[in-house]
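In what follows, chain A forms one complex with chain B and a second complex with chain C.
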Partner chain A sequence: MLVWAWKSLIAQRGAVLGGALGIAGSFILVVFFHAVFRGESGQIVAYPEHMQPDVWVMQRGVRNMHMATSSVWDWKADKVADIPGVARVTPILYLNSVITAGNQKSFSFIVGLLPDDHRAGPWEMVAGREVSSQGETVIPDVLSNLLDVSIGDRVTIADTSFTIVGLSTGTYSMANSVIFVAFSDLERILSSSGTYSYLLVDAEEGIDPEALAGKIRREVEKVNALPHEEFVENDFAIAMQMGVEIIFMMTVISAILAILIVCFTAYSLVMRKRRELAIAKALGMRGSAVLFGVVFQSCILTLFGFAIAAVFAMIVIPYIPLLLPQLSLTVAVSELLQIGVTALLVAMVGAIIPAYLVLRLDPATAFNV
Partner chain B sequence: MFTLAWRELQSDVLRTLLTAVALGSVIAVVLVLQGFEQGQYHQLERMVLNRKSDLVVTQAGISNFIAVRSSIPQLSRADVEAVQGVIDAHPITAIPIIYEKNNLRTPVYVIVFDTRGGPTSIVDGRDVEKGRDIVIDYALAEKYDIRLGDEFLVTDFRFHVSGITREAAFMMPFAFIGYDGMIDLFLESEIAPDLSTFPLLSYMLVELEPGANRDHVARDIEARVPAVDVFTPEALAARDVNLGRIFLGPIMGLLVAVAYVIGLLVVGLILYVDVRGRSRSLAVLKALGFPWRRLMVAVACQALLLLVIALPVGILIGQLLTTYIHAVAPVYLVRIFEPMVLIKTIVAGLVFALFGALIPVRSLRRTDPSSAFAGA
Partner chain C sequence: MAAALLTASKVTKIFGTGHAEVRAVHEVSLEILPAEIVLVMGPSGSGKTTLLSMLGGLLKPSAGSIVLDGIHLTALKESQLPEIRALKIGFVFQAFNLLSALSVEENILFPAQLRAGGIAAARPRAAELIEKLGLAHRRRALPKTLSGGEKQRVAIARALINEPKLILADEPTGNLDSQTGQEVMMILHDVARDQGYSVVLVTHDPRVEDVADRILWLEDGQLRDRKSEQHNWERDPVCGMRVDEWTATEFTDYKDHKYVFCSSRCRERFDKRPEHYLTKREQSADG
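Take a look at the complex of A and B:
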């Protein structure tokens, strides 16, 4: 029966290819949603991930950076610096805001840097230089293209005008492009003084970051201290969590669509071969064997569609940001495998109606179809 | 040709039904994707308009309600109220927080209000009346299984849920508290020692005297109080929607494009399978002298008829999916019945049908009239 099912598929290559492409399209929708959220979440944590201090210190009750607000008195930075095992403390000021150039706007993640602070600044520059004085800013290269501004042009953040002195790379995200400005400028925008947002703590060699974080929490009042990995994980989780529900819903919707396409294609294949199936039944082929053949066809069709979607995801999706640089897309193999499991379920459910028809097929019709 | 196409569809009702459902599902996916995007913009718009004011005062240089930090000097309230035509300048403060319970974290936009700007769609319970009262969004209540009277912890400060509202915006649920609650939160929680960077007054909702000219009053306020900018609620909402478009536009555009391609493929597949399945009857028509172009018209008619059947099916499936989305994730509003969404989808459906009808052209052209007599 498997041979018959296979040959039957080969004989209707056009229908199989069309059905597989439709199924692939449904899965590609899901893959896109996954890729968009994973890619964007990855970019959202780009700043903390690249800074890589051993420990992050912030206001107690705060556990991440994305969409969070943290405020720590400046004297607490001195207190942290005095703790044995701490090699260096780099404070930053941070604000979620909007950057404006002409009529164009973008969500941004403004980082205020102390004078001569190279520790917490951009990790890769493509043009110009880092911020060295007030009124200067470094913006992502992608953002400069989108806003149509370059070095020497002016942008506005909360009514304060800045001159672009450098372009960084790897710092763009749709939700949070990382913009660097002078600490004093951001202090003025925030109307604050004597406070930092986060402290980047580098430990001396051989010091366990987890133990150091615990020590900071114990010795400095009302601050939270987290090892770098935990801090980045928290940030990534917050970013991804906003997409979890959408991804789940889209997976369900696309799975339903795929089921219907499988069902339609399998139904068409069965109806075209119903006379052959009736003859097979008339010749004594058991119903379960015929049923198995239909499910097999449905599985092959779905897996073919899934394979096309997987190839598309691995080969085409990584190149889409070249056309649309504002998109950050990341495909995770584990997520593809999850979609693969969904594909198997789709194949089974999609085979129900054709299977029902096959089981009801009267062998006598072999002689009068 | 329509009669021929119609009879063809009637010849296998189950198959026509399956086809309509498959095509309707594609239409539903396009509808839901576009409705999702429009829903987010609608939420962004309502976020400002629901605050119910004649004018909105922001920090100078701040022209949005979302994704920004607006901080207005507290003394400027008296200056704004002194402007002719202003009855009252109602204060509100926006505090983004991250709510955490059972290791699940959600960003929440907390709006602190006094006399105006509070929740407008309370579905259960009552408004904020006491210091520790909080009105939370339905999406938040559902996600964390929070009921009226339950505790709601914000950085170790205990609020009590007095009401549940249906107001979310741009992937974030709202929560509303009073100024007494905010001060208690600041003083009793861990925030207190590092208060200096927290805005105590973010926006003012200006109530005007009847007949006062909004533009004139806005200009007068800006002239009198240089630390602020003034917008009509509609203008501020439009700026937020525009910001939302910058964020969502490229993603949704790409996804809708993928859905369009699937639509084309599904229609093409349906018609291709149909033409292959009817190759013998088409050969008869060719043998009778029908040119292949007329047969193409028949296939296009069939595609259009299928579309006519599939459209209501698609709208029905779209509505079912929308109901499902609102039940699973109430923070996201999906508006499939927006006129623009419907028009775009119908036009897209027509394009699916016409371009999909082109896919079986090759098969149609290659149909051999002599095959009509094979096996006869």
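Take a look at the complex of A and C:
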């Protein structure tokens, strides 16, 4: 039965290829949306990911950076620095705000750096230099292209004018680019004094970050301290949460589209081979065996479509950011596998109507001329 | 007398209900003996194919019973019939009904999936049938590359693969020219005589009568008496073939004379240019 089902598919190459391409199209949409989402989510946590202190210290109740506000008194930074096992404490100020150039705007993370702080600044520069005095800023290279500005041009951040002195790379995200300014400038924008947003704590060699974080929480009042991995996980989870509904809806829409295409293609195959299916039943094939053949064809068709989508994901998607640098795309193999499982479900659901037709097919019609 | 292989008792099939009710077969009773060739003849719409479908377990009768080799087909559940069809009955169709994606050998082996040992066990039998029916050089060919006669030989081999006791053939010569049709009939004849299969043939073709042991005449859904020697032979004016006016389904009236034809193709050709096919003598006689 499977041989016949397989050979019937092969014999209808045109219809099968057309159907598989349609299915692939809908899965490519799913894979693409996941890749954009995954890539963007990764970029949203790019800053904490690259800073990699052993412990992050912040206001009690705060557990991450994305869309969060934290305020820690400067004397608490001194207290943290005095805890045995702490090698270095690097304070930053942090604000979610908008950068404007001409009529164009972009939402950004603004990081305020103390003078001569290279620990918390941009991790890779492609042009110019780091911030060294007030009124200066370093922005992502991709953002400079999008805003059509370059070194020496002026941009506005939170109603304050800054001069671009450098371009960093790896810091752009469609949702939140990372922009660096002087600590005193951000302090003025925030109208704050004597406070930091986060403390990046580097531990002495051999010190367990988790134990150190616990010690900081116990010894410094009203602060939260988390090991780097946990802090980044929290940040990533928040970023995922914010987009998960959109990506879920896009996945559902694309899956429905795939189901419709599978259903239509399988229906066409069944209608085309209706007479032969009746002959098979007349010759003694059980309805369940013929049904299995139809579901098998539907699965092959869908997996073929999924394979095309997977090849697209692995080969084409990595090259898209070369053409569109503002897109951060990441293809996770685990997500591809999840989509593969979804594809099998799609194949089953898509085969329901054709299967119903097959079950109702009267074997006596084999006698019709 | 040998026990009947197939017994149908007062088999009736009604399609539709109320005003739309059609009694396709009405209280038909018959017995088919082992190794017997029985012809079911009758005009179009007389219920021949419906009867054949019921005998083959493809259609449930509205009333009556059918017993095949001791098995009450009419008492079986729908789910039990496929196995009976695969193992006890061989089908030969007018339109050959080969599976287009499978080769000659795969088509022949197709029903073997349900027999003990499956396809692997049936391969020697398939090879034997392929050899016997002269299909050895076409073993791997697809149906679309076969001639009509070859297709029907494949269909016969497929019907015989599981060594069923009963072969049901619906117009097996209907799509074949006269010579190929004759060959196919001789194969079915040999199958019954040499190997002891019972063959039930539904046909319009009066030439097939020569190989039959019995002829059953079905008309308006009922079996009626008709002796096989009762013929009224006429000549098809187009091809010259001898046609029995009793059984002919293609005929036309021209100048107050009824002409009968072996096929619709001949009738259509005649209808276009009747004077072309009538001899001067016939024309003057008609005139």
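Here is the rule we use: the second predicted complex is superposed on the first by the 368 of 369 C-alpha atoms of A that agree within 3 Å, B and C clash if a C-alpha of one lies under 4 Å from a C-alpha of the other, contacts with A are read in each partner's own complex, and residues count from 1 in each chain.
Following the convention adopted for this analysis, contacts are C-beta pairs under 8 Å (C-beta built on N, C-alpha and C of every residue); 3 or more make two chains touch, one makes a residue touch a chain.
These figures come from a predicted structure and were not determined experimentally.
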| item | value |
| --- | --- |
| Fit-or-clash call for chain B and chain C when the two complexes are aligned on chain A | fit |
| First (chain B), second (chain C), both or neither touched by A:Ala11 | second |
| Touched partner set for A:Thr195, first chain B, second chain C, both or neither | first |
| Partner chain in contact with A:Ile279 - chain B first, chain C second, else both or neither | second |
| Touching partner for A:Ala364 - first (chain B), second (chain C), both, neither | second |
| Most chain A residues touched (candidates chain B, chain C) | B |
| Chain C, chain A and chain B - angle at the middle CA centre, rounded to the nearest 10 degrees | 80 |
| Contacts of A:Val3 with chain B and chain C, given as first, second, both or neither | second |
| Contacts of A:Trp123 with chain B and chain C, given as first, second, both or neither | neither |
| Touching partner for A:Phe107 - first (chain B), second (chain C), both, neither | first |
| Partner chain(s) touched by A:Phe292 [first = chain B, second = chain C, both, neither] | neither |
| Lowest inter-chain C-alpha distance for chain C and chain B in the superposed arrangement, angstrom | 9 |
| Interface residues of chain A shared between complexes with chain B and chain C | none |
| Residue ranges of chain A in contact with chain B within the complex | 12, 14-15, 18-19, 21-22, 25-26, 28-29, 32-33, 36, 59-64, 67-69, 71-73, 95-98, 105-107, 156, 158-160, 174-175, 190-195, 197, 221-222, 234, 237-238, 241-242, 245-246, 248-249, 252-254, 256-257, 260-261, 263-265, 267-268, 271-272, 320, 324, 326-327, 353 |
| Of all residues in chain A, those that touch chain C in their complex | 1, 3-4, 7-8, 10-11, 275-276, 279-287, 289, 362-364, 366-367, 369 |
| Chain B to chain A touching residues, read off their complex | 12, 14-15, 18-19, 21-22, 25-26, 28-29, 32, 59-62, 64, 67-69, 71, 95-98, 100, 104-107, 155-156, 171, 189-191, 193-198, 242-243, 246-247, 250-251, 254-255, 258-259, 261-262, 265-266, 268-270, 272-273, 276-277, 321, 324-325, 328-329, 331-332, 359, 363 |
| Interface residues, chain C side, partner chain A - complex | 49, 52-53, 56, 58-59, 79, 82-87, 91, 93-95, 97, 99-102, 106, 110-111, 113-114, 158, 170-171, 174 |
